[in-house]
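Presented sequentially are two complexes of chain A, the first with chain B as partner and the second with chain C.
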Partner chain A sequence: MQNVLSKARTTIGALILSLVGHGAPVVADETCQSPYMTPIKGQEEFVYVWTLGMDGVGDESDKLVTIDVRPDSETYGKVISTYSVGGQHEAHHSGLSDDRRTLWAGTLDDSQLYLFDIATDPAKPRLKKHITDFVEASGGATGPHTVFALPGRVLITATSNNRDHGGRSALVEYTNDGDYVATYWIPTPDNMQGATGKEFADGYNYDVRVLPRKNIMLTSSWTGWSNYMRDSNEVLQDAEAMKRWGNSMTIWNLHTRQPLKVLQVPGAPLEVRWALGEDHNYAFTHASLTSKLWLIYQDDKGEWQAKDVLTVGDPENPTFPGSIVITNDDRYLWWQGIADGTTRLIDVSDPFHPKEIYKKKIGAQINMGSSSWDGSRIYFTSSALSKWDRDDEQAEQFLRAYTWDGKELKQSFSVDFVAEGLGRAHQMRFGAHSLYSDVQTAQR
Partner chain B sequence: MSAYPPAPRTGAAPLLVAVAALGMALVLSRYGAGTASPAAAPEPEILRAAATTMDDGAAHAGHHQHAKVPKGLDTARTKEFDFDPPVPGSYTLPVVRPAADGAVLDTRGTARSLHDVYDGKIVLLSFIYTRCTDAQGCPLATAVLYKIFGASKADRALADNLRMISLSFDPQHDTPEVMAGYRNGESPDWAGGAEWLDLTTASEDQLRPILTAYDQVVRRRVDDDGNPTDAFGHQLRAYLIDRHQRIRNIYGLGFMDPRLLVADVHTLLAEEQAAER
Partner chain C sequence: MALGTLLGALAAASAAGDEDVDVRALARVAAPPLGLPAVPVPADNPLTAAKVALGRKLFFDRRLSHNRTMSCAMCHIPEQGFTNNEVATPVGVRGRSLPRNAPTTYNVAYQRSMFHDARDTSLENQIFGPLLSPDEMANPSVGFLLETIAGAPDYAGLFEAAFGGPVDVIKLGQALASYQRTVLSGNSPFDRWHFGGESDAVPDAARRGYALFTGKAGCVACHALGERDALFTDHGLHNTGIGYVLVAGRAERKDAVKVELMPGVVVPMKLKRGSGGGARREKDLGRMGITDDPRDLYAFKTPSLRNVALTAPYMHDGSLRTLADVVRFYRDGGTPNPALDPLIRPLDLDDDEVAALVAFLESLTGDDVDELTADARSVAVGN
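Let's turn to the complex of A and B:
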């Protein structure tokens, strides 16, 4: 008898094969940032898009693209700056330092980290540091993904390793200046580091978020370089490769960075989104392979537990979610389906009994959603991974901006990343002059 | 007894002192330390209240161990910090970076270097400015040091090995005189615990390289016309520095739990003891 996960994999495999390739994940937006960082609660002015170089498009190189989203600007909705880093490195995620002066942008293929100064001129980021020794410094972790701000430091989730190129990996800590501090490996059955849940541990890693008042850090799991840098059709037909997806999440002591408990969350649980309410001790994640929404919560005894609370979309045609976005009142989640290019609004006001209440087709494929703090503006991008994006006649690469009035998403503008010679639009971060408008006494 | 003259009180405008005191009182209230003013030394009763000794071994320390908690610290959970603190020594603190030197002034106006002030102690360094009225800013940082000082009155290891420093990033206003009056640090009420020094710098030119080296971004607020005000925008930061003058932890809002800071100091002490064995 097939278990749930293998059945889902089979279903997804068939679906994706029929669509000629789809893929993985992404993060961002103001409600989902580090609590140690000041959110932009007013109008964001710029959207920074970490973009993959694409054969036959522009200079074919990875680049940071800046889009003007100031409503009264003459260049509203236009690309106003690009910074090409040269070459294709599988640009993927980016993150901000706690002072929002630096945007860290990582690459999955060759483990580069590019540190952009977005404070001196938020309209025109410039490269200020390029870290090339992430693998060596970290002791073998590869594929830097989430960059999460801590006071004076960043915590980076790595997604693979340089030994077997699978999913076992680590959290890697750097100073805001880009100096290596420490590596924390995800627990594995043969090295639980004091944590419980050995039967669920796989050592995989993807995203990280924290709940400071509980001193809790939560990580999720994905897959390794050997899968995400391989053609999606090959992976999905390879039974052995399909076994190498994460099925766990790990609860950590935030202060000591020690793992406490491994939870069973099958199907590649990707983005971690803690509720924001001051007594809401729970988080959500989306299992990419099963299209299930999972709730991570503290039970009556204070134990952290995981429970799948909703299957989104048609179970026979999984949405293959790439990202989720929580609203600042903890009432809703936006759910982005890679497979159907559709965003869905999930009512999570009762976190144990969520329900889908709205959906809208955004494009042939979407991966990432990024929302303003008040939820009135939301941006979507298209790319998942270079070897997983659609390459059929429907293939497109874009950033599309929408407004949300509580009832309907209405498109504000769209940027065609192929026509503009940019590449594959992946992950977004917001910027604004107001973050840096005071007189500077000292800066890095 | 120190020959130091009574602390002057003329440095800060009375209104600002009152506002700052209110902010401090609010913060102390949150932390259960009663009321106090940054312009006046705490009453011994307040220090005793802050130094309440918990039952040894009562706290479960988060990582599968039971051990004595540091003496003199209230280890009860709060709404903001709803967890048990870790057991000192059950975890490690990586070296973040070297703790830079810099030219500073003490409350007597004597020129000193930061490394001279560190003096081979374990140091908690907090950047503040005395006119800060943000209850989640400098008053919070000082209130946390208050609590740790209270703990050190009952914890010999803290008293002997820890040095706390409040360093102003507003040298234009926070002269040595003003810093002397910040909490009346020369008062005998501050005896018997960890030493706590209030420092400033001679100028922004002397201050700037220190802030840069410690990655402490500070911005003077401007008004609607773009003119500088007395207020600063800054991220709450405090630093744990070991005897080798290396930063071992950086605390911001959300980490400013005195139980965590004391656990970290004891973790460094445990590390030293292990190295000696």
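Let's turn to the complex of A and C:
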């Protein structure tokens, strides 16, 4: 563990030194990633989009789509590679190993894990391993979601289970080679595993992020397969189903993977974003159902607490945020609304008193946002879930790239995922040749 | 099935699972809990421990669906009353929306017909409905399903041991029926009071509720009792107006509905235009969808009331959330419609009487619920 913490400190320290020492950012990497992950030196060159197969579109199958984002490339803003895995599995999130050689892509429906080699030729990812026994190996966890890099390991949040397809689930740990290590179930009232906060525990799970210097891991909560796989009209009109959304976050001991405290955070708190400053011991999350921004922080006594600090948009007309992105100086946070297709910039420099300062309509619907490390480029994708996406005449599926100059978002390019025969664009990850200096890379 | 034959089967109990569990399962059938009649067992499918164990294993095996995500038990969840308490209507393969609530499998051995519209005739047959329905388990063919089972190493020899031959359609139906036939639940507080003579087995409210149930509320006309046992069903089909509600509701439906996003937070929300890839909730004609007989319009089967406190939400579409909601629905005379069953009429019940009826219904929970759950979970989920 000492090595883990030491490496984390080194990595974070290197990043901070890079930023401070040069006055202007010289490294580019997406924010919100694992501190154990190798950074990209220079601009991201490729955006990998884990894409859901869509009826009537292309081969209708889930696929990894690679988009060229090298500004000087002849194929800038174009799709340069696709890898279809065959069939529709509810592709959703993906993540990178600490060495960024492998992109792990999970499926929420049938719990597949596809491991893509993005090091041999970053412009053309290739499947190197397909894990089909995630459920069996984990002891019943289903619906792999977040893939979070730990040193030599990945930690995967599962979102459901094989006993009732409800929201009770677990964290599942693998080696970088794809070998199962362990399962850690989220605390429930009848099995708190030593944690406090029994009155808030629901066993649900969604995202995970860590704060190594505090030896803390934080998980959030969503809903189970029976809700996220189901048509949204049906769920919204089913009073029983609407009671089955996560209302908790869990503080864990990162080293031992033991839960310590369950916090009450109602309304399906989704993405976890720790502030990056070395003395910023707080994280944000967005309650998707209530459109509230929550702050997770240590109080004067060192106790972890949760507080809602902002309602974004009209409470009577929730934005249903799908993702948040924090900037590398912890001053701002991008908020992506599924319902209104709008991204909002929130000033979080005072984390207890955030303010919305800018907004821009990106499309009919947006879900994910990914920012370059320096914050000058931000990418948006459209799809939430196959059965939650808009389906009216305004429905669209896209990746749109923007530049941010501190005042205005300006579109750089847009890829129409329907016209291109691709499907529903969801999670993005960045790649670059510069990560793999030890590899004889293919054509630049 | 003759008692002697069953006892013989008990003695020869051996199967893939926990032998004690299988022995107890057979014992439940041989001597049903208080309040339940003798279990009808088809002459061509006598119960054996090997069949029960095999049927249980199949029931909990998610490999029995096209993409290996759905088992029978994903909609008939042991800890949720062998139905799904968390949704009004269950969710099929790839999230397909299903129009009807999952009926409990408690005491399904006594059902004379299967499904809410009584379209199938036996437990042995009915399983092929969900196994092959593209909205439920979505096996693309019988052959695909049989090959899946035959090719699974952990099934090697099990059909041979239970039936003397490899898996086929008949044996598959018989194995699943054999397990389900053992899920018997009785000896409830009501049974111990009414049939067992324990005067203090139920609270006063439940006794008052029973008097109303069999008296002025008239529930017993459809939820019938016998002299020595009670299944609380007439095995018939009735139009209570619940089916008509859906039709009327659709006609009036607007683009927005009120949604409780979290306790106490209710907002109007705009619905999508289409189904988003899920199956559309279509008009449900009930039994008429099978018979084409207008007299069967919106007619659905009378469910048993045993363990009803565990099987929310209620009615064929899961539209009522609590037992009190159900009692009030009948108190108000159901939903008027041209084909409303004449047995459904407004009832003169005050709130205390509604509460008494609920107390009675809550007294129908069998004493072996935990045992049945443990029995169910004695087998590993197949993935």
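Everything that follows uses one rule, which is that the second predicted complex is superposed on the first by the 407 of 444 C-alpha atoms of A that agree within 3 Å, B and C clash if a C-alpha of one lies under 4 Å from a C-alpha of the other, contacts with A are read in each partner's own complex, and residues count from 1 in each chain.
Simple rule for what comes next: a contact is a pair of C-beta atoms (placed from the backbone, for glycine too) under 8 Å apart; a residue touches a chain by one contact, two chains touch by 3 or more.
What you are looking at is a predicted structure, and each value in this text was computed from that prediction instead of being measured.
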Clash or fit: chain B against chain C, after overlaying the two structures on chain A?
fit
Can A:E173 be said to touch chain B (first), chain C (second), both, or neither?
first
Figure out whether A:N215 sits in contact with chain B (first) or chain C (second), or with both, or with neither.
first
Once chain A of both complexes is superposed, is A:A241 in touch with chain B (first), chain C (second), both, or neither?
second
Please tell me which partner, chain B or chain C, touches more residues of chain A.
C
With the two structures laid over each other on chain A, which partner does A:D121 touch: chain B (first), chain C (second), both, or neither?
neither
When the two structures are overlaid on chain A, which partner does A:P35 contact: first (chain B), second (chain C), both, or neither?
first
Of the two partner chains, chain B (first) and chain C (second), which one does A:R230 touch, if any: first, second, both, or neither?
second
The superposition places the nearest Cα atoms of chain B and chain C at a distance, in Å, of 23
Residue by residue on chain A, keep only those touching chain B in one complex and chain C in the other, then list them.
none
Across the complex, what residues on chain B touch chain A?
62-64, 79-83, 86, 90-91, 94-97, 169, 204, 207-208, 211-212, 215-222, 228, 232-233, 235, 237, 250-255, 260
Would you pull the chain C residues touching chain A in the complex into a rising list?
62, 67-69, 73-74, 77, 79-80, 84-91, 94-95, 97, 257, 259-263, 265, 267-269, 271-279, 281, 312-313, 318, 321, 381, 383
How about chain A: which of its residues touch chain B in the complex?
35-36, 98-99, 101, 150-153, 173, 175-177, 179, 181-182, 194, 212-216, 253, 255-258, 260, 278, 436-444
Where on chain A is chain C touching in the complex?
55, 87-90, 109-111, 133, 135-136, 140, 142, 162-166, 224-226, 228-234, 236-245, 247, 266-267, 289-290, 315-318, 386-392
